[in-house]
Amino acid sequence: MKLIYTDVLVIGGGLAGLRAAMGVRRRGLETLVLSLVPAKRSHSVAAQGGMQASLANSVKGAGDNEDVHFQDTVRGSDWGCDQIVARMFTHMAPKAVRELAAWGVPWNRVRKGRHEAVINGERITLTAPDEAHGLITARDFGGTKKWRTCYTSDGTGHAMLYTLGDRAIAEAIPVHERKEALALIHDSGRCHGAVVRDLISGELSAYLARATIMATGGYGRIYGVSTNAVINEGMGQALALETGVARLANLEAIQFHPTAIVPAGILVTEGCRGDGGLLRDADGHRFMPDYEPEKKELASRDVVSRRMAEHMRRGKGVNGSFGKHLWLDITVLGAAHIDKNLREVKDICRYFLGIDPAKAWIPVRPTQHYSMGGIRTDHRGESPWLRGLFACGEASCWDMHGFNRLGGNSVAETVVSGMLVSEYVADFCASAEGNLAISTSLVEDFVSREHGRLSRLLATRGSENAVHLRKRMEQIMIEKVGLFRNGPDLASAIEELRGLLRAARKVGVRCQSRAANPELMLAYRLPRMLKIALSATLGAFQRTESRGAHFREDHTARNDRDWLNRTLYQWANEDDELPTLAYQPLDVASMELPPGFRGYGAKNILEHPATAPRQAAIDKLMQNHERTERHALQEALMPFRHLLPERYRGNNERLSEPLP
Amino acid sequence: MSRTLTFSIFRHNPGDPGSRPGLDVFTLEEAPGMTLFIALNLLRDEQDPSLAFDFVCRAGVCGSCGMIINGRPGLACRTLTEALPPRITLLPLPTFELIADLSVNTGKWMRALSERLQTWVHLDEETDPDRLEEPMEPERAEAIYELDRCIECGCCVAACGTARMREDFVGAVGLNKIARFRADPRDKRSEAQYFELIGDDEGVFGCMSLLGCQDVCPKSLSLQTQIAFLRRKMVQIGAGFA
Amino acid sequence: MKDVPIAATSCGPARLDLLQSATGLFLALFMWLHMFFVSSILLSKDAFWTVARFFEGYFIFGRPIPLLVSAFVGFIFFIIVAHAALAMRKFPATWRQYRTFWSHMRAMHHADTTLWMVQLVTGFAMFFLASVHLYLMATHPELIGPYASADRVWSGRMWPLYLLLLFAVELHGGVGLYRLAVKWGWWSSNDPLRSRLRMKRAKWGLTLFFLALGLMSLAAYIKIGIAHAPSAGELYLPDWLQAQP
């Protein structure tokens, strides 16, 4: 049995994982990164439109700061997020962008003087001041008050991932590619590392570490059509769930992106609409202003997606050969703009649709895109139930997105959470708790259990076909756990998914090779995917309200009174067919921004009893602090800085807010 | 006008002692909008579950699925079958270590390349992230991104006669990376330091300008221009004109 | 970051690459001029006679000095050897490399890759064909003239060699010049693909032009050679020299 020791094991080589590894490395710890694929091929690379950070350099970003970004984020989450975490995040985002700028990301820059932009379908002229020339610019994204999304053309994720990937190489961080963690090694509520399978040779080994960081991304691939990369199968969440100890949260909070192309489900960035693109229906009519007169195409993603689905239900969808869809019209932006700022979109249209988006409309429909939920952690990224297990990025639910995330906030989250969690991990390793104390026999037990499972799969041809089971799961998720959900559909989905989970335990493998065997991979991943699918569906069934991306046709109100809480999932026994659910309330009394109306559609909220008193308390405090500087005022409302690592507590400089 | 496609696919699993290299033939009914991503997954789902290949983003941005498609390297995910004749031969990318069937270890090759060419911004000192960022001319940033768009798919290496003959050649991917960092004012390396990395026959002077790289690059990078530019710059240093 | 001096030993490849290009460029341009000189036979025998004597210094020294031609031929031979030696560094070094390139080229169907094999083959051929020609020129520089050259072509049965050499030279030189242009980025524009296409067209145009010129000249020599066969060996004298007593 091969044992590999390190201080910090990072599972996942995307933006979050790489940044976390660099953070602990810079604190003098040994680390290594496991990755299913070469790190630079991680799904982070597919992020197109950009990363939110309140730099306030662009003309339309003037006046932006952490406070505005915080409010947008909390509203976007439909008040489902942890406001402390959202505060930490918005405080960190400018630092993250600037750090990346120093390391080599070629962020697009402000050009002084007049330039054209398309806003609300009309060409207007903006004039950038001289002093902003050369600073990082930003584009408009949905659900934001300011132009805040920093970008490099529409290859932001690529530019960031390559910069971080190269930086990791520069700092000699080993990345063990084509390795898959099969189980977390743990006892008495302490995680010690993972059993890892080499996807080339099939060999099993144990990676033992003082702390383990999960940065494995989301679980979009439990859906048949998703904008996610094919590797986003939720294995990180499943591994945490299978410990029986660690808990997941808010799995039912699943985002559907308004504009994925039909039928391939490939994303075209929100930047299309941010830069002025419009949504049109079968009649060529721009319909979003009819539903959301204020934010129109740039309402929050959950809102736009729902409005699109609603509009198609009203018979206004285009009947394409691959089902109903709507049009995304970016012809208004002109070829020059597309060639420079939306070139991936152009490539995607050219190769997958055979059209030129400067001339033709793009067929789009809402498609599964992002998992707001994940491994539940505290604000430090650590699982409260399984110490030494940390998570960051999309894999985690430290809960800055609540029930809907804003475009551009997840790319920012990856790096920010990597920066923060690595500091907390380093602190953890330095503490008395952070020592690695594990018996060889425990490791042997875990490795031989995984070995036994694989051997059983290889020993039998099985009575069930894994491909069919998986396809059925994907179909159920699309049909019954989609944009619009209801009790009966969810109940039947749960029943059927349980049947699939039972059947998945009878799957065998025909190809007998342990090395490079895709059939074997599917066989052991399938039950894990089903557990995630079941959890998400059960969570959606139980949550009898509509919040953010979770919309119940039979419970259309946002119910703060009963549901201002976080769903927790635990898979207590291996043989269980359903997770055990629990709920963690959000504390209204300590919120900086008490629950309110997001401003979309008609107000349909059941208020929480603590909301009004909290609002009154805040109003009073604001009156007393009319002349108080904004940072101090914020500190009075909801202190968070003391929770940050010391090195990151400083204020962010802006042109309008120079640092001494 | 539905066609039946005949796929000849290279099969070999070096990790399986019983496996011998060869071509397997599969047939498949073509569907509208079918890409090689869809076709290969159908073959694996319905005909041979052991068929190994790599896809990640399936949208032409991650660079995982480079393979030889009817003789030429390309990204399988965005290759529409309708653009191909009914007989399609798929081979793994040469030069890279074979994992199984159509899956090759480009990641290992690229990491070694990065380490060898030190493909990162070499900083003099860390900046304070609380402070305003260093300004940069907008055109400069755009020019850097232009060179930064490489997805390390390995197509340029597989299409390069030089790289095929000489395994130590850095290929267009390596030269383009040096061009990218040279163009970046944040990288504080001198011309002489770049010369030490690529001023030899494994570097820019090994390139024979066959331009296979230019003609297959899925991102249409200006490899020809960049390599010519580097050659001029490096010769100035190497031949003592600068 | 501080400047690191470059070790003298690491400059080899840069210099050799530049030299390969420089010798190639020189030879290609020389071959074009050479072709113009040779094709003066198409104007008249006198024209060619004048060109040949010119290079022997006849119009400077008042008498032909064939040794000048021998010396120049020696110089060209030296450049050819140097160019060949430099280019050989890029040739496949082993049978395996050769096989790899060959199968790669066949699979790719890529013109620029295939053209490299054309260069390799023509270069290889030229090394022999050109050597014969250069040897003859160096040892008998005085036998360059309308009759002497034509006799060599026809009665000396050299025309097959010249025919092969013509194709080898023009293909090799044309491809070589095109390669130099893309290699060093000459005449490139904002749209490198278009300028490359233009260069390629120009390359084929020039190759066809010089092939045509070469074939016509060779035909002229053959025609003169056939007519002059009965008195092969006799040297040509222009009328105005014959008219002198």
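To keep things simple, chains are lettered A, B and C as they appear, and every chain counts its residues starting from 1.
Keep this in mind: contacts are C-beta pairs under 8 Å (C-beta built on N, C-alpha and C of every residue); 3 or more make two chains touch, one makes a residue touch a chain.
All of these numbers come straight from a predicted model, not from anything done at the bench.
Novice: Identify the chain whose mean C-alpha position lies nearest to the mean of all protein C-alpha atoms shown.
Specialist: B
Novice: Taking CA centroids for every chain, report which one is farthest away from chain A.
Specialist: C
Novice: When contacts are scored as defined above, which chain pair ends up with more C-beta pairs, A-B or B-C?
Specialist: More C-beta contacts join the chains of A-B.
Novice: When the C-alpha atoms of chain A and chain C are each averaged to a single point, how far apart are the two points in Å?
Specialist: 65
Novice: So the centre of each chain is just the mean of its C-alpha atoms; given that, what is the distance between chain A and chain B in Å?
Specialist: Spacing between the chain centres: roughly 28 Å.
Novice: Taking each chain's centre as the mean of its CA atoms, how far is chain B from chain C in angstrom?
Specialist: One centre to the other, that is 38 Å.
Novice: Two or more other chains touching the same residue: where does that happen in chain B?
Specialist: none
Novice: Using the touch rule from the top, collect the residues of chain A that touch chain B in their complex.
Specialist: 37-43, 45-46, 55, 94-99, 101-104, 106-111, 133-137, 152-153, 155, 158-159, 162-163, 166-167, 169-170, 175, 177-178, 200-202, 229-231, 263-264, 266-267, 321-322, 340, 344, 347-348, 351-352, 354, 467, 471, 509-511, 513-519, 522, 650-655, 659
Novice: Report the residues of chain C in contact with chain B in the complex, numbered from low to high.
Specialist: Its residues touching chain B are 1-6, 10-18, 89-90, 92-93, 97, 100-101, 104-105, 107-110, 112-113, 116, 179, 182-185, 188, 192-193, 196.
Novice: Where on chain B does chain A make contact in their complex?
Specialist: Touching chain A: residues 13-16, 19, 32-33, 35, 44-46, 49-52, 54-64, 78, 80, 99-100, 103, 105-108, 110-111, 114-115, 118-121, 123, 126-127, 129-138, 141-142, 144-145, 148-149, 151-152, 184, 186-187 of chain B.
Novice: Looking at the complex, which residues from chain B come into contact with chain C?
Specialist: Going through chain B, the ones touching chain C are 68, 71-72, 94, 122, 124, 159, 161-162, 164-166, 188-190, 192-193, 195-196, 199-201, 203, 205-212, 214-215, 222, 224-225, 228-229, 231-232, 234-235, 237-240.
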